[in-house]
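Structure first, commentary second.
Going by the order they are written in, the chains are A, B, C and D; count residues from 1 in each one.
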Amino acid sequence: MTVEICDTPEAAVGDIANGATILVGGFVSAGTPSNLILALKRTGQTGLTAVANNIGLGDLLDELCENRQLARVIATFAIRASGTRSSRFEAQYRAGEAELELVPQGTLIERLRAGGAGLGGVLTRTGLGTMMADGKETIEIDGERWLLERPLRGDAALIRAWRGDRQGNLQYRLAGLNFNPVMATAADVVIAEVEEIVEAGEILPEQIATPGIYVDRLVQCEPVPVRWDG
Amino acid sequence: MASDRPPTGLSRELIALRAARELEPGSIVNLGIGLPTLVAGFVEPADHILFQAENGILGYSGISESDFDSDLINAGGQPVDLVPGASFFDTADSFTMIRGGHIDAAILGGLQVSARGDLANWYVPARGGGSVGGAMDLAVGARRLIIAMAHVTREGEPRIVDVCEYPLTAECCVDVIVTDLAVIDVTVGGLTLRETAPGISAEEVAAWTGTPLLIPSSVPEMSL
Amino acid sequence: MTVEICDTPEAAVGDIANGATILVGGFVSAGTPSNLILALKRTGQTGLTAVANNIGLGDLLDELCENRQLARVIATFAIRASGTRSSRFEAQYRAGEAELELVPQGTLIERLRAGGAGLGGVLTRTGLGTMMADGKETIEIDGERWLLERPLRGDAALIRAWRGDRQGNLQYRLAGLNFNPVMATAADVVIAEVEEIVEAGEILPEQIATPGIYVDRLVQCEPVPVRWDG
Amino acid sequence: MASDRPPTGLSRELIALRAARELEPGSIVNLGIGLPTLVAGFVEPADHILFQAENGILGYSGISESDFDSDLINAGGQPVDLVPGASFFDTADSFTMIRGGHIDAAILGGLQVSARGDLANWYVPARGGGSVGGAMDLAVGARRLIIAMAHVTREGEPRIVDVCEYPLTAECCVDVIVTDLAVIDVTVGGLTLRETAPGISAEEVAAWTGTPLLIPSSVPEMSL
């Protein structure tokens, strides 16, 4: 349960291995661990698989493509329907230099939840009768058909919260929750950037959305302003 | 028909306004990215329609004109204002709402809709890869699915077709289609023209639709 | 989304049908909808199936056995290992007058969650190799065996929160959460007792653990003191 | 052996104390109902052990002497006090913690433990029905499972047996057994006696155990 307070985001992400699978919290601009992503750009690991809601929607995850750090992306938004603005990831995907596994949002979060909660898989109707079901098992239960989706876990999770205490307990603000609390349960090493680190007890029990036992490292940094303009 | 120019129907804003009229008072509604987002601006406050965004907000009133707060956005990344009684939750809880059948209606954009109400709206074969977001979950989970889209493509090809050529979002999921030219219901008997846009004839709608339409003897013009 | 404010707990539960399945929130004394349970005793429906964490542990659910209202109980605690104090339900269970389906706690909550979240079932290791797996399917996924457990829903849910607003949004206190928020997603009619009904907006967005869209009826009543002494 | 009276070993409190010594500093621990609950009173505050209760509390320090608050109880219904940094969550999140492998150790009571570490602790055949609570999830999910129980039944029958006669909680789940007579590890080679209670010989432990015990050449007495 001991949480390590890191001085810099680079110190927090530096030992992530080449080839690791990283879960990256956030939803477009909300609750996005931009400092940790930029640190990873500087520490330079390659061959990474990133699991995130989106890439190239004003988020900084696309920055990791500048030095071709991402070998694979598992996401819900990745390639835009219109080609007026293209992300670095799109270019690498088209060039066959990076792989993409597109996953419906409700399935992505549930696969991560299964990974964190010790469940064997997800049984959903979402994706039945579509390309998403290609190559996947379906299971009939009481006459209804369900798509079996696999649990998903990361070697590391990069998440963002508003405040963290010295036991690693996290409080989020507004719509900053999104993927972060579930990702915190589903990785071997969980690294959180927060705006402020406070003493244990300052975040009230009812305000804690991620208990500190899930958090391994905490780093305090100013949020990086990000915004998607469509 | 693709050689002619299609008639000029409703603007994007008026499609959104007409789609907004499909919503029952007191209903819980999710709006897709793009045109559907505009719907939030066209509901009557007295109707107490509550908008849900899959990133974890229930109860936003529309696009905000205030200072941008990166943590207070809808699923399309746009800043929103909240109504009293709004709440936040994580993505797992958001899709419990959506997949679990707790959303009364979703209004999504479409690339193609088929005669039996299949929807394709996440993957453009020419571009590959795709962006699905919450569309597949909304298509299977929302109690009523309303598609708001242009009746034809920029190239003049019908988007309402016998069978979708684009990869599906979900099968047999669409309840109603609102376009610049018409309101069309997906019924057990087939696609049924309910209303035409002002100045558009039922014959014109049929001509720009890529699959047979059931046309009642009297089809009213939309009142906007 | 319209929530009905009921004047009395009897008015809130009166139209529950004979033979209905009712989800009953709470965990021993915490977050237990005792007023609604006692109202159900007075309105007198019979042939009920109750889904609850416990029966006969200081909770008032056991009261419904006085007039034999429960035909079946699905619970995690039901029959105590020692016979020093016996509940009414135990007596009826032994006499063959009431059925019991015992479910591991983590499986019970996950079955309810699947019922509320539109998932086809639960894949868990819990119960494998035990009586709990008797007659149930197991599924092999990537070489590992998982027990398939069915989703669970109620015709009605009786839950308890601390405060509710006029849109039905609910705020819980301390360990009063337990089964209540998930049960609120998994029943056709959700009835909540609260200590106080306030105006919409008085419960802050971050404090709402059950959004009002899940709640059909709200009734304000003084909590009934309950306590289990082992 | 059941005809003799078993030797007098540790009291319930001392079993709890000895079980508490099994806990690593900084670990997250769930305590079962009954004897295991007493363990909370025997940990060193400096060890920063954090107790989780399956009803949705992380970070309680022990049984409370304050006024009873019906919403602030452990999984056994007892009032508890909180430590700074404690948090509350619903049952779904509580079992994400438990089933997902986020609990370092669980201390549960036992009816029987078998030679290969099977546990039976939720169903007394003579009484039927059963009460399982979170025991099955803890048995499969906790990283380390410690059973704290009397070495023999009131009737003098061994609880540590070749094969459990009582219905199982989970197979091959127990790591260590702490009783009034001994500490026994479940190892790949079999059950291994690690320590005896003060005044109890290894031979006495073996005599009151219903399955072969591996007994190292030197077995220390517990230091309490």
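In this text, contacts are C-beta pairs under 8 Å (C-beta built on N, C-alpha and C of every residue); 3 or more make two chains touch, one makes a residue touch a chain.
Here the structure is a predicted model, which means the values were calculated and not measured.
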Mean-CA-position distance for chain D and chain C (Å): 29
Rounded Å distance between chain B and chain D, as computed from the means of their C-alpha atoms: 57
Centre-to-centre distance between chain C and chain A (centres being mean Cα positions), rounded to whole Å: 33
Sites on chain B at which at least two other chains make contact: 88-89, 95, 99, 140-141
Contacts with two or more other chains, residues of chain A listed in rising order: 110, 113, 117-119, 124-125, 173-174, 205-206
Chain-level touch network, classified as line, ring, star, complete or other: other
Chain pairs in mutual contact under the definition given at the outset: A-B, A-C, A-D, B-C, C-D
Residues on chain C engaged by chain A in the complex (per definition of touch): 110, 114, 117-125, 139, 141-142, 144, 146, 148, 150, 173-174, 205-207
Complex interface listing, chain A residues touching chain D: 1-2, 113, 116-119, 165-167, 169, 185, 199-201, 205-206, 208, 211-214
Residue numbers on chain D that touch chain A, as the complex places them: 26-28, 48, 50, 58-59, 82, 84-89, 95-97, 99-102, 140-141
Contact set on chain A toward chain B in their complex: 27-32, 53, 57-58, 76-81, 83, 90, 93-94, 100, 102-107, 109-110, 113, 124-132, 162, 172-182, 209, 223, 225-230
List of chain D residues in touch with chain C within their complex: 53-57, 68-73, 75-78, 88-92, 94-95, 98-99, 111, 123-124, 127-137, 140-141, 167-171
